[in-house]
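We call the chains A, B and C, going by the order they appear; numbering starts again at 1 in every chain.
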Amino acid sequence: MSGRFVLALALGATVLAPLVAPTYHVLLMLPFMAYAVALLGLNLLFGYTGLVSFGHALFLGVGAYTGAFLTSVFNVRSMETILAAAAALGALVAAPVGALCVRYVKIYFGMLTLAFGMVFYTFVLKFYRLTGGDEGMPFLRPALVGRSLEDLPKTDYLVGPYYYYSLAVLVLATLVMWRIVRSPFGLCLKTIRDNPTKAETLGIGVARYRWCAFVISAVYAAVGGALLGPPTGNVDPTLAYWTQSGNIVFMTLLGGFASFFGPVLGAFVFIYLQDWVMSVVPFWRLIFGAILAAIVIVAPGGLAGFWVRRPPVEASSP
Amino acid sequence: MTAHVVNVVLSGVFHASILFLVSAGLQVVFGVQKIFNLACGSFYALGAYVGVSAVGWYLEAGGPPALFIAPLAVAGLAVGAVGVVVERGLLRFVYDRDETFQLLLTFAIVLMMEDAIRLTWGTSPRSTSGLYLTYGRVGVLGTTVPVYNLIVIGASLAIALLIGGLLTRTAFGRIIRASADNREMAEALGVDMRRLYATVFALGTALGTLGGALVIPATVAMSEMGIELIVEAFAVVVIGGLGSMRGALVGALVVGVLRSIAISVYPELEMLLIYLIVIAVLVLRPRGLFGGPRA
Amino acid sequence: MILRAEGLRKLYGQFCALDGVSLAISAGEFVSIIGPNGAGKSTLVNVLTGVLRPTAGTVTFRDRDVSGIGPARLARLGIARSFQLVQIFPDLTVLETLQAAVVSRLGHGTRLFASLAADRAVREGALEVAELFGLGPKRHVRARHLPQGDKKLLDVASAFALRPQIILLDEPTSGVSTADKTAIMETLVSASRRIGVQAIIQVEHDMDIVFGYSDRIIALHEGRVLADGPPATIEADRRIVDTVIGRRARAR
């Protein structure tokens, strides 16, 4: 019950934030919500299936570049079309990549995903005629639910319609993921995380489920990536660099991979803490590196681990 | 035409010698501690900056420029001692953890080192101006190459032989190989794991820092050089096979030379080609060209 | 005849773990496989359950060649197994573990957006098995927190939840106190009757259990079938008693 209360409070605060909070902090909510969507997906793989991808920035990149291409090359401005295309392309790329990656576990899975991530990164970096290279591509302002909104000043657009649009996408993504982890399919993923050998003898085809989880997580990351575009209005290859993959795993661990909302919390804390630290000292990596080291060594359950003292999975039935 | 080919190959081999040193550090640590050390690139960057500073002090102190390579190498090796601090201060706490957490801890080290370097040396690139051609150039098959490149290639080869000898012919090498094969067995036989791990990690770090120090006369030190090199070193060890020294040597040659060829023929391909090879190797031969038999 | 193995050979490099093993299991049988350590029992179980592909020979299940098709497909066809070293899902509860098996049996694993809690078929199937194995009161306990005996029971129960035609038990009573052994065996036999398991194959070291429950005993030695017959015949055979059963003979 208290969990629901906290959740309702958080949601209420998020809805009210643009009305009361300073614009600057409201703007920071946009990357937070985009990353939160991506992390819900990443954690289906990490927390629920037991696979840590070190190349998920690839899918952030796929989503963001999908939006950039559609808006600036094909002049498609509908955000719904962009998100649908990002999801579809994310799945399309993830299908073959996942089929290869899920044959391996642990460090080999991590390395293979990292290699695929770097293929994508080098591709967008080097084929600059197509992608603008390291300068990136413009992500033009998308129309939301059929309304162009071109006349609004940029900040009004972002803290107004776009803010609530992102929030709606995040809420929807959360609800869908909530269903997934509580479905029979989700239970099968947990068996694979806990003991793949045993899962296999129960007739659960481990590779197939891992592949499904991989593709779903890629779709989430691609949608999150597409949401990242409009606030900056530009998409560049650093979004797909391997350190970015490391950062999103970091966010997941920071919040707590063992809990459903842990990664969302992680994204929130990461974004705001990073902003605050950078305003105080220019060396945020030093401090974040130390935080990550501390989490790994003393609190692998992350922030959520302090709150709910229980191991990885929530019980599915009362 | 030949001159061009020779030029391309030699510059590839030069890059390969540096890559070999860093990858060898990665391999020895993975072999014994089973930790994939993402921070090996950061150690490489650290070595580069320390090398710049060491050479700077050396020249200021009036040392003859012709011998700059001595302080460079000494500094590169000495700063490897950082490895002991990192191992005792951080890594030793996670040996019994899942390898994901070990990997993330080394990622934390990458983040910290990047800023530690910026804090110490600032954000603008540093270089040892003008020392690169101290030893002049020499003609090789119709082209000329900096003598310094040949010295580094030679030094790297010598180090490869030295490590080979160390691993196969000395008591320490036998301990390393035994611990790599079976930790419990080695422990039962009375090997002091604490000391071994610290030593091995320091050795791995020193190889990385030396690589960074040696590359510096030919290039400039930048704070991003570490995170860029790690993905190349990663390609090397995957192609060669995780944990294998011969693999590091062959992998470094493959990556170094192919990259050099790609840059001269079709620059867009550069690392793309390398990663595609990495994927092919991981899919077809996950243990790499020289990895163990287990699939 | 529901399961038949013919001329099974399994080589590990130069080492021959199975050297021409043939056996047949009929409906209604309880068969024990015995033999000293290194006789090839584990390899045989792994080949029969599709984990290992035999170097030569075939395994047929209801006239279908199932050699090396992998444990997941075999489980869906109707051959389930439990493990010598207990295999559980540490962070799942007893109920969730059994639900997972039922989900797999009913093919509900493809239901991405359905609610597991609302899946009555799955829930009832799981609860039924939990009751059969006396795990009902502990259904919300995480597997990692169960006592050793219950972990073993859960491992076996999850195999039963698949409602298999054949169940292969790899030392179902190993690591369990002597007092609990009979209780486990009784639970097991009655559960298999209730669920309609057609044949039980077990690998077992405890000769009291072997002789107390088996319809037939297959004795393995150095990768070959040394004897295959009803308990009385096996016990009467000096050769087997000496090579395989040894200790029990002395104890008597």
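Methods note: a contact is a pair of C-beta atoms (placed from the backbone, for glycine too) under 8 Å apart; a residue touches a chain by one contact, two chains touch by 3 or more.
Fair warning: this is a prediction, and the values are worked out from it, not measured in the lab.
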Q) If you average all the Cα positions, which chain's own average lands nearest? A) A
Q.
If I average the CA coordinates per chain, which chain comes out farthest from chain B?
A. C
**Q.** Centroid spacing, where centroids are CA-atom means, of chain A and chain B in whole angstrom
**A.** 33
Q) Which whole number of Å gives the spacing of the CA centres of chain A and chain C? A) 43
Q | Computed distance of Cα centres, chain C from chain B, in Å | A | 51
**Q.** Junction residues of chain A - those touching two or more other chains
**A.** none
Q. What does chain A use to touch chain B in their complex?
A. 52, 54, 100, 104, 106-108, 110-112, 114-116, 118-119, 122-123, 126-127, 242-243, 246, 249-250, 253, 283-286, 288-293, 296-297, 300
Q: In the complex, go through chain B and note every residue touching chain A.
A: 36, 38, 90, 93-94, 97-101, 103-105, 107-116, 118-119, 227, 231, 234-235, 238, 267-272, 275-276, 278-279, 282-283, 286
Q: In the complex, go through chain C and note every residue touching chain A.
A: 49, 70-73, 75-76, 80-81, 83, 87-93, 95-97, 99-101, 103-105, 108-117, 119, 122-123, 140, 142, 144, 155, 158-159, 162
(Q) List the residues on chain A that touch chain C in their complex, please. (A) 176, 179-180, 182-188, 190-191, 193-195, 197-206, 209, 212, 311-313, 315-318
